[in-house]
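Presented below is the structure to which this report refers.
In order of appearance the chains are A, B, C and D, and numbering begins at 1 in each one.
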Amino acid sequence: MEEAVVQPAHVHAPPEGFIRKHIFSLDHKVIGKQYYGLALVAVFMGMALSWLMRFHLVWPTTKVPGLDLLSSTGAPGGVITPEYYLSLLTMHGTLMVFFVLTNAPFAGFGNYFLPIQIGAEDMAFPRFNMMSFWVTFVAFLVLVLAFVIPDGPPISGWTAYAPLSAVGKDAGPGLAWGQSLWAISIAIFCVGQLLGSLNFIATTLDLRTKGMTFMRMPICTWAWFITSAIGLLAFAVLLPACLLLLLDRMAGTSFFIPSGLVISDRLQNHAGGSPLLWQHLFWFFGHPEVYIAILPAVGIVSHVLITNMRKPLLSAKVIIYSMMSIGFLSWMVWGHHMFVSGMNPTSSLLFSFPTLTITIPATIITLIWLGSLYGANLQINAASLFALGFVSMFVSGGVSGFFLAQPSIDIYLHATYFVVGHFHMVMGVAAIFGILSGTYFWFPKMSGRMMNESLGKLHFWITFVGTYCIFMPFHYLGMAGNVRRYSSFVNDFMAPLMPVHKFISIAAFVTGGAQFIFLFNLIYSRFRGKQAPENPWNATSLEWSIPSPPPWDNFGGKHPVIYHDPYQYGVKGSKGDFVMQDSPEQV
Amino acid sequence: MRTKGVFLAGVAILAAATMTTAVPNGGTVSGKVTYEGTPAKQKPIDMSKEPSCAKQHATPLTTETVVTGPNNALENVVVYISAGAPDDSTPPSQPAKFTQKGCQYLPHVLAFEVNQALEIANEDQTSHNIHPLPKTNREWNKSQPPGTPPLSEKYDKPEFIPVKCNIHPWMHGNFAVLKNSHYAVTQGEGSFTLPNLPPGKYTIIAWHESYGDQTQEVTISGNETKTVNFVFKAKPY
Amino acid sequence: MASGNYAQVVEPSRFGGPDRASRSGIWVGIFAITMSFAAFTSALYVRQGSGDGTHIALPSVIYANTLALLLSSFTMEMSRRGIARGLGPEAFGLRKGMVWLVVTLVLGLAFVAGQYLAWRYLAAQGLYLATNSNSSFFYVFTAMHGLHLLGGIAALVYLIGRTAGSNYRFRQSLFDATAIYWHFMDVLWLYLLFVIGTRL
Amino acid sequence: MGKFFAVVLTLIALASAYPIVTHMYVQPVDISTHGHAIDEQLSDTMAEAGFAFLGAQLLLAFFVWRFSNRKNGSKVKHLPGGAKLMVATAFIFVGTEVLALGVLGQKAWAEVYFTAPKQDALQIQSQAGQFAFYFRYPGADGKFAPLHPDKIDEGNGNYFGLDLANDVEARDDIVTAELAIPVNREIHLLMHAKDVGHSFYVRELRIQQDFVPGLDLSVHFTATKTGKYEIVCTQLCGLGHYNMKAYLNVLSQDDFDKWLKEKASEQ
């Protein structure tokens, strides 16, 4: 009878050798770092692309030295062509949304800290976990391959609206192999995310240690749990969409391509497809994706704020329930991206109401944060500054959503820079602030060394002011009707807006430059930073109960036992004003 | 006028090209291309979408699918020798020049040889896109922002290739990629001359973008000059 | 359900434990797959709005395949029971379970082969992937289901390897997970058959 | 440092609000009969959103100023009312806001989309293609001739694909590159996409509507001021997207008739 019993798969022997330790590792911590590293590469690529775009918009005919080496047709003599601008735009969006905003806060930090925070020695399926990263990595390679092929990167935007994305080379450069690579890459990416989400859910359900009831999980664990549920549905829909798109492109089917299209004087040989079908499938993924990016940040920021306020939130439960309802509502709102796309006007209203309703849980979350700040003993450090910055961004990005949620206003603002300002604030910058806050907060645990605080603060001030300088004016441009996704502003009415664009571009160069302070800080502290103690922030959750960096099996072969809610701050504890989750002492 | 200038340049290149593989004082084929009937009305082009081009044309340009001259002369007809003359082994060294000026292709029909360098320049203040639509040759589709160096391309198979600008839908032109140096593109008078032909039997084809092509046989002995005329049937629609 | 019998791999110190995890995992996976096919189905409905599809006469081999798959689900269950008992006091169950497992594998392969025949049949009628929307969806549905089933077959092969291997060492939960997945493939196919039969 | 954050955030909040309050960048004057509803909706929302924005940012700034880096051992306090108060506030304020805006918005939306074009509305067909708009007026027979995509010949000015050779009715259709319309007359714009998705956006008209290939969409509107306005494409349609535009030319009825006659002669 004993024979049938073997070691559970999750208990794996300490890894041997460099490859097993650092490359094809089964250790969730290594995989988490790998995701974070990939996101880091992607974010700097994406940022470089946005620099080129901002440069081209304000100095359209000025040569970018050396750019013609990257693409002789895309930038003849260093001058960016209209199609290459769109390539930059598409790759910027794709890299940022998929490989940064999905990878870093969710897959990266989630992988590293979710098992630790619930007292597990690893994810439920370490092999799936490893696979999910390497699949994602392949997706990344496939995507960036588009930069070097003669056809060039795709030009149909990260939303890849059909039929532009489906008809192939006739519709323009980058739409032959470039677009195919894009679709293949995203399809692969979906597989990786599905494996990851599955892992997160199973782990959270079944590997919680003794005493770790659901309501005793830290808020960020909850955020990752909810996010993985959202991701599971979202990517399970995007994957089929990409497959159908590939079939239209490569097998001559007509899922998204209607009859009688004449492109570059050529009558296309397709019949009966529905362009709106792609929009529905895409946005059914696309809107939840916004929350896949933002919810982990919400969790991380709450976690960081609580620790630095030295008091629990007014109610963690309320935040958790709010996140759940946001996740739930995110499934009924995708149509608000299609108000002017010829969808039945009644359904526009049906999509508008739940969208507006999302502001309620979002407001609750914000008010809980604000209300909790009252009477706090707020510690100011890089981590908490970025967390506070996140709260501010979350508000700024949130209120502009209020406009776009209304079909009637969307008639005027749709596809203007107002939209660009909105989603960059709320899902771009805000999520990035969450990532940075988490980085300054958890770096000591992940690397065993402290980050340089003064550099961190410098990084914050430039980034905080800079991002407002970049993204607030976008809203004003939108109010004036400045259309997005234009490679240069040839319209008469846009001429007077150029000064604003110049201001934005300069702000973008400065803010982007500040990110190199962060990069330097990251690398410098990794090797030269001062040793980090086990619990530098006097925090209560489990990750701070183990050495920095944690051993390969997290808790040294045993499972911790949990006695408290995650956030026992502002109490009389033996160590100070807090009591760790796993300490048996009474509060 | 600028247009003429470029045409003359074109003609000069033709002459030069002809020299390279020419037999001095050989025979000559010359003639006139005309049409009968009513050609399609050429419509004025509204360039208001591209002010920098619109203001270059005092009177709006018209479409150029059928360009006619006095007494039924037909312009932009490529007259070339399809059989009888050997393929040109070494293409002329001078590039064939194709210019974008005032959102118009100059010349509207550009004839050049297989593997001859093709140089495309943008003299406008706006970005142009050059998208030739070949059937047998390799297809490419490039944009040319103002102030960027001329594009250089070549084609390795003989073909008549329609050219369009994706940014300015009205801009249409034609490449005539030919096997040998014995060709001419008719101008205002509709006349053409194919000089320096060694004695022999030739198949001469006249090609027009709207009216297709016509073929005639001609035999040259010594340094005589034969006259060959082509007449295309024109329809109003 | 079976895995309860082998509580020793489940550490009481925690919720669920790794053995539960692989079963929750498979359910979560099933949920995701269901979602994907829901997306395919909705695509079908939207796409048929423009009604250019011509009705497809289903090749009869499809029904034979269906039968094979249903049977395989039954044999899978027999095998699971057998092995389960085998781990208990009467060890003879193991061999029996093994036999059933192989039968299941054969039936699964038969189904895949049968589906391939169905494709050949359609192709013979000049119905290819890109012929019209209905043929497109027929190939997409069958291909996607086929791919997922191959995944199940891979799991079966793995199990047979482990079971036949040294001293029947394997994780009961993995076996249960495979069984659940296999049954799901069955249900999924019945659903697809319904859609294909009624809509295409 | 916390106080510094408070100051910076306050400055940012005020600076962000300044251009809005001073109407530095606003939508151009409205020339449509329905636009006022959209504009009102926009300014209502701006008021409420602005209030929420400033309120939240300044509150955040104040709390950070007040409660950061207090001397060690200072006791933490809890907000009277706690979470319940917050939830209640959110539901009461935002809830009513949502309802109010939702309902009002419905009105504005309905004006554009739930009213049928009048019988005497002037029908004009608009075709969007890479990368220009073209417009078609029915001509003398008052009928739009059927389109044949295979007949499209842009080099020849046949942008729509009219079968001029065989279809006599097609010969009187008037095809133009600018959209001229008579003032104060309802226009029923039939939207046709030649290749990929495009969009029809005129800021002054407060109209934005996608062209979806394979879908016959239409919008109807009435322009109330004569003048030239820009029509731009707002749906990413390829490399020439930025350059895809045309002019909307609102003319008096007489000028419009003259214009149409002149264009007819050019066909």
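The rule is short, and it goes like this: contacts are C-beta pairs under 8 Å (C-beta built on N, C-alpha and C of every residue); 3 or more make two chains touch, one makes a residue touch a chain.
Being a predicted model, the structure only gives us computed values, none of them experimental.
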Chain whose average C-alpha position is farthest from chain B's own: C
Euclidean distance of C-alpha centroids - chain A vs chain B, Å: 55
Approximate Å spacing (C-alpha centroids) for the pair chain A, chain C: 34
Whole-Å separation of chain centres (CA-atom averages), chain C against chain D: 50
Separation of chain A from chain D, taking each centre as the mean of its C-alpha atoms, in whole Å: 29
Per-residue overlap in chain B, given as positions that touch at least 2 other chains: 126-127, 129, 143, 162, 164, 166-167
Residues of chain C touching at least two other chains: 50
Junction residues of chain D, two or more chains touched: 129-130, 154, 214, 238-240, 243, 245
Chain pairs in mutual contact under the definition given at the outset: A-B, A-C, A-D, B-D
Residues on chain B engaged by chain D in the complex (per definition of touch): 40-46, 48-50, 63-65, 126-127, 129, 143, 162, 164, 166-170, 172, 209-210, 235, 237
Chain A contact footprint on chain C (complex, rising order): 6, 8-9, 11, 13-22, 24-25, 28-29, 31-33, 35-36, 38-40, 42-43, 46-47, 49-53, 87-88, 129-130, 132-133, 136, 140, 144, 167-172
Footprint of chain B on chain D - complex, ascending: 129-132, 153-157, 159, 164-165, 171, 176-178, 238-240, 243-247, 266-267
Contacting residues of chain A [partner chain C, same complex]: 1, 3-6, 8-10, 119-120, 124-125, 194, 197-199, 201-203, 205-210, 212, 232-233, 235-237, 239-241, 243-244, 247, 251-255, 258, 271-274, 276-277, 280-281, 284, 559, 561
In the complex with chain B, residue positions of chain A that touch it: 60-61, 73, 76-77, 79-83, 169, 172-173, 264-266, 490
